[in-house]
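Each in structure tokens, the structures are laid out below.
Consider the two complexes below, in which chain A is the common component and chain B and chain C are the respective partners.
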Partner chain A sequence: MRSYVMRRVLAAVPVVVGITIVTFALAKAMPGDPFSSILSPGVNAASLLHMRYERGLLDPLPVQYYNWLVQLLHGNLGTSFQMAAPVTKVISQRIGTTLSLDLMALFIALLATVPLGVISAVRQYSVLDRVLTLISFVGIATPVFFVGLLALKYLALTWTIFPPGGVVTPGVTLPFPQNELDALYHLILPALILAFAQAAGFVRYLRASMLEVVRQDFIRTARSKGLGERVVVYKHALRNAVIPLVTLLGLSLPFLFSGGILIETVFTIPGIAYTLYQGVIARDYPIILGITLILAILTILGNLLADVAYALVDPRIRFD
Partner chain B sequence: MTIFQTTAPSTDFNPLIVSSAYNTDIDGLIYDDLLSLNSNLGYVPWMATYDIGNNGKQITFHLQPGIRFQDGTALTSKDVAATFDFIFNPDYPGPLLSDFTALRGGQAYADKLGALIAEATPPKGGGPAQLTHAQFEAKAQPLYKAWLAGGAIQTPNPSTVVFNLDTVYAPILQYVGLTGIEEAGAIDALATPGQVSGAETAGFSTHPVGTGPYAFVKYVNGQYTELKAFPGYWKGAPKVPQVIFKVASQNQEVGLLQKGVVDAVGFQSSQIDPQDGPLLAKVPGVQSWSYPQFGYQFLVLDMLQSRFDDVRVRQAFEYAIDRQGIVRKLLDGQGTVVNSPFSPASWANPRAVANMYPYDPAKARALLKQAGWTMQNGVLTKGGNTLAFTLDYPGGSSNPVRQESAPLIQANLDAVGMKVTLQAVDFNTLVSTLLNKSTSKATDYDAALLGWTNNIDPDVTGIWGASDLYNLGHWSPTTSGSAALYDQSQTLTQQGAGTFDQAQRQQIYQQLARLYATNLPWIYLYSQNDQSYADARFQGMIKDVRGPLFEGTAQNWTAGPQ
Partner chain C sequence: MAVARNAPRPPLRGEEEGPGAEGSPQRSFLGRYARNRVAVAAAAVLLLIMLAALLAPLITHYDPNATDIRVLNQGPGPGHLLGTDELGRDELARLLYGGRVSLAVGLVSAAISMIVGILAGATAGYFGGWADSVLMRFVDVVISIPALALLIVVASIVPNGGLTTVMLVIGLVSWPSVARIVRAEFLGLRERDFVEAERAAGAGGSRIMWRHLLPNAMAPIIVSAALGVANAILTEAALSFLGLGVQQPTPSWGNMLQAASNWRALALYWWQWVPAGLAVLLTTVCIYILGDALRDSLDPRLRM
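Now for the complex of A and B:
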């Protein structure tokens, strides 16, 4: 097991380097640079040249990439052009927000998926199943920003159950526990919305997988042994049906980040996904590269965790 | 008072680095400038009175007594000099140097610095640059020292600062007079040689200190900026104790104002979505006001293409496009049609050209016919040329009104026989295509919609000179129709900047406006009004083109009972 994980981690290194090369090439292939959108009567070509020179943008592309890589080996991701702050600082300030939002959403999604998926399968074609199916399809088909805007309008502004966006209450300084509770309170609504979009898909997968499993011989055997329906469904069937869901979880990280861009925009959450999007718009190369690097590492880690989790949920799988 | 911002500012609030317009808005409350503006954008004394001597080549500022920075330090002429010296420092990371090259030795210094940068840049063909960055530094610093020694900015005593110019250049009043003054000590800490990123990230820039009515408290990343009243403000303590700039997405502006989460919407750069206007106006207990802005929208034609270098064709565009209709339909009447390059609010804008091109498709057709264009296969044709072309405009989240105007313009032009293909392009991509134009290639683009934000000073240097960066339509002796006409446009531009006398400048700019309105180096469209909304219990905001966050006005804000 340990050597398997080590091998996977080592194999990930060239993948990550490859990703940064591709990202760098793509970012540079976009027309323009951080200063090309300045349309101001006070700025002339000489000033622009000076600004580009000071930031190393006049060097040949391979040199720029090499410089970035050397910086990276020194633990430095460069300085954001747009935010005028070190990229490591920008990321460390923001990744926590995104991760807490995403993990919270994932947790809520799983909490909803397991019972709903199971009930849907066990009571196939019942009214409940049909209603759940309908809701799932609505969840899959509706863009998160739309649900987000509706939720903001009704849940935060019409009935003030939740705060209207942001991650802190502006203009007040709160002591230790209140401050954290305040942040949690701000994240619940966006997390619920992300979770809804995600659970909608998960429920369908779990239902399909459950339906397949409950028709297997060993389930019939379990029933004929006289085991209670509860034990049959939740112990014997679910344990087998949940395996595809584990794969799905590992792959859901990129979804969380992409859905996160929209949610973070609508709810004014200064997270990593929104920052990446802004970085792309502003051609902020250090931000684009830095965040892509972190996301690549996280995605690879997510897949690795999913593979390891296989071994935990399915005793037939061994890594040697 | 909580003010809505549509976009988060950057962490760098230093006004000399100009990282984002949303920082500039907040800086308006933190910093005060040497001069101020009246409501039609004329210069008036503020932290200093000024007089002009040496035949217009010397501006002397006399600082008002009793001005203090928010940390308690008294303002002296040293602070003023340090602020502007920093812009010339080779390590200065901002874009402002070109504004100040009229100062004594400024242009020569900028040229030498440019030559050094050229040497330090790797050649296009490959291979290393002639100078390493360290060598560049070693050569640039003595240049800077020499410029300082030239005495462009002098401080004969703590309350007097003198700016010496090489040439008479009136717009320098804007650059010197309307830039936030920083503390000399803070600037020295920024200007460490060889540390660009140091300057960008220094604590001072993230915690700005000025002489304005509000002091910086904190900026919570992407969320809000908190300011508190500065009781020692030289014009009297502000009456509203706290100002918060809260960031939220544009689509929340109505809801947040309704709920009283924010008290003000549509302040300065955080312009409202015009579609929200009627909803905002209906919010109970809210006052609103509307005023012209500095900028305007235009359509640029690539005049290197022979089909667009005939002035009659360009005039036909003005008659054919229903600009009044765009203002009425898309802006709810909150805007004006423009025919000249000057802001409708500026003293330089001549009323005479205001109604030059009414919507008149028949007139457009007549002009096109006169210019030799005839309908063939459903499109205007002349020789091998047709008036079928692509109109690019910035898509995505960029200016929604402009995006909505594109199909209207397409239909208007279609009605006079032009075939327009619309193409939405990412803003940065479009601008870099237009700016990286090679002056010889006619095929880079056909036509594009863009907006232009004027300087406060009406000077138009740098826009329509043949080799100017922003000469997007290629206005030149050959494309303008006659070399004499082009020369006249350049002479008037120079004369306008070449005197400090506002009455004389006004006359020059009226001639220039008429010249450009007639010959159309680009097709002027419309200027959108800004609209601001605030809870009626807040009073005292200025309600004209300068905008409610203009420097040295927030101390007059008052808050009634909630």
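Now for the complex of A and C:
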């Protein structure tokens, strides 16, 4: 097990290095540098050039990449133009909101997936199965922000069941347990919408996986032993069918984060994804790059966790 | 057929789906028929949407860009069937002409990503070695960056030069998943006997790749092309909604949805953004259903 985890970690290293190279290349492609906005009468072209030279902006690209990487490893992602604060600080203040929203969405999605996927497979081609199939197509194919906008209009503005965005009720300061509940109340609708998009794909996958498993010999064996259908489906079949879902969970993270950017924007939730959008509006390049880098690294970490979890639940994997 | 005695309803019968298994012919036939009927309906709706966009001038006589300050934010009515926007432009005309733009972006971006993806995937899968390693590590990197974040970054760097830019950005960011699919197909196919026979007969690499491997890999490629068009339409909508895609005054379904970022329009003028959202939804759902049916009929092994 330990060597398996080590191998997975080592395999992730080149991808992380690749991500830093891509991010650096994008940073270099962005127009302007910290000195291009200096328009002071005392600064002429020659002294600008000198400042660029001193800051290493005229070094060969590999040298610049190396210096940038060293800064990155020290937790320095640059300074946000717009917020006049270190990017790392902005991210660390806001990442919690994004993570709670995304984890909540994943949790709700899984909670819905297991019963729906099983029913869909057990009653293959029934009316229920077809309705679920159609709904999951809608879930996969619908622009998540459009669902968000509809929910915002009808559930928050027309019928005021949910708050219209944000994470706190404005103008009130709540003591400890209530403030957490208030945040939960604000996050539940966006999380449900994100979960819908995620669950749609998961249900299709679990259904296919269940249909595959029930064709195998051990299911026939279980039935011929005289086990009840319920035990066969939920104990023998489901346990095996749900394993590949762990990998899918890891692979779905980029989609979750992409959807999160739109949902946080629609609901004005001050997480890092909304900050990314604000950065785009203000052309705040250090913020845009820093958050993209963090999202990519979170994706890799998520995949790594999924791989390890897969090996934990399926011992066959460890000995390949 | 093994049926558990105490099963209250017909149990799971995986055999039904196996190749050549005759488990319960009527049921699976009926099931497939119903599926196809849905697919046929989806294709018909899709055709209607495309016709409506193509024949826009015949359906409405309004110019999508003509402003009229006498009818700002007017609701649906006899004059303007779908109402007007904040500049008094006819929403139906914008929806129809916007459909042209959104569908064109979807088709062209998907075509770009298919071409690049097939070239990269075929090279990696057929030649293997360092070309494969380099290409696939690059694909791994791009795929692990959330697509929308990458699109936002690229779109905010590239000076927005109109539709072509949007198509290129979407196409060039979304090819890696195509490359993965094509590579996997080519890897499996290149070891088969018919390829060996072709090589023995003296065929060169490019002839084997494009004349023999590619046609055999067509089924998953067609399916991923269909899904690629749907994803490109969704991406255009998302990017334009964020203000990074198709720019005003050119109408597109995505930038029509941008109207909803104004609280007043969101709460009061539903006709300014709901129809565009529904148009995207209807189009992409139909393409997904079509793609699923295509997969089933092109290659039963891929059935879900």
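Following the convention adopted for this analysis, the second predicted complex is superposed on the first by the 255 of 320 C-alpha atoms of A that agree within 3 Å, B and C clash if a C-alpha of one lies under 4 Å from a C-alpha of the other, contacts with A are read in each partner's own complex, and residues count from 1 in each chain.
Convention: a residue touches a chain if its C-beta (ideal position, glycine included) is under 8 Å from a C-beta of that chain, and two chains touch if they have at least 3 such contacts.
Because the structure is a prediction, the values reported are computed rather than measured.
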item	value
Touching partner for A:Met83 - first (chain B), second (chain C), both, neither	first
Which superposed partner A:Arg94 touches (first chain B, second chain C, both, neither)	first
Touching partner for A:Glu229 - first (chain B), second (chain C), both, neither	second
Dominant contact partner of chain A by residue count, chain C or chain B	C
First, second, both or neither for A:Pro60, with chain B first and chain C second	first
Which superposed partner A:Pro270 touches (first chain B, second chain C, both, neither)	first
Contacts of A:Gly171 with chain B and chain C, given as first, second, both or neither	first
Which superposed partner A:Lys153 touches (first chain B, second chain C, both, neither)	both
Touched partner set for A:Leu132, first chain B, second chain C, both or neither	neither
Which of chain B and chain C A:His50 touches, first, second, both or neither	first
Shared chain A contacts, counted only where both chain B and chain C touch the same residue	30-31, 149, 152-153, 157, 265, 281, 283
Residues on chain B engaged by chain A in the complex (per definition of touch)	2, 8, 10-12, 17, 19-20, 91, 93-99, 110, 113-114, 117, 120-122, 126, 175, 196-197, 200-201, 205-206, 220-224, 226, 242, 244, 246-249, 251-252, 255-256, 258-259, 261, 396, 426-429, 431-433, 435-436, 450-455, 459-463, 469-470
Contact set on chain A toward chain C in their complex	14-15, 18-19, 21-22, 26, 29-31, 121-125, 130, 134, 137-138, 140-143, 145-146, 149-150, 152-153, 157-158, 204, 207-208, 210-212, 214-216, 219-220, 223-224, 226-229, 232-233, 237, 253-255, 257-259, 261-262, 265, 276-277, 280-281, 283, 285, 288-289, 291-292, 295-296, 299-300, 303
Parts of chain A lying in touch with chain B, wherever the complex brings them together	30-33, 35-51, 53-55, 58-60, 63, 79, 82-86, 93-94, 149, 152-153, 156-157, 160, 164-168, 170-171, 265-270, 274, 281-283
Touching residues on chain C, where the partner in the complex is chain A	2, 4-9, 11-18, 27-28, 30-31, 34, 38, 137-138, 140-150, 152-154, 156-157, 230, 234, 237-238, 241-244, 257, 260, 266-267, 270, 273-274, 277, 280-281, 284-285, 287-289, 292, 304
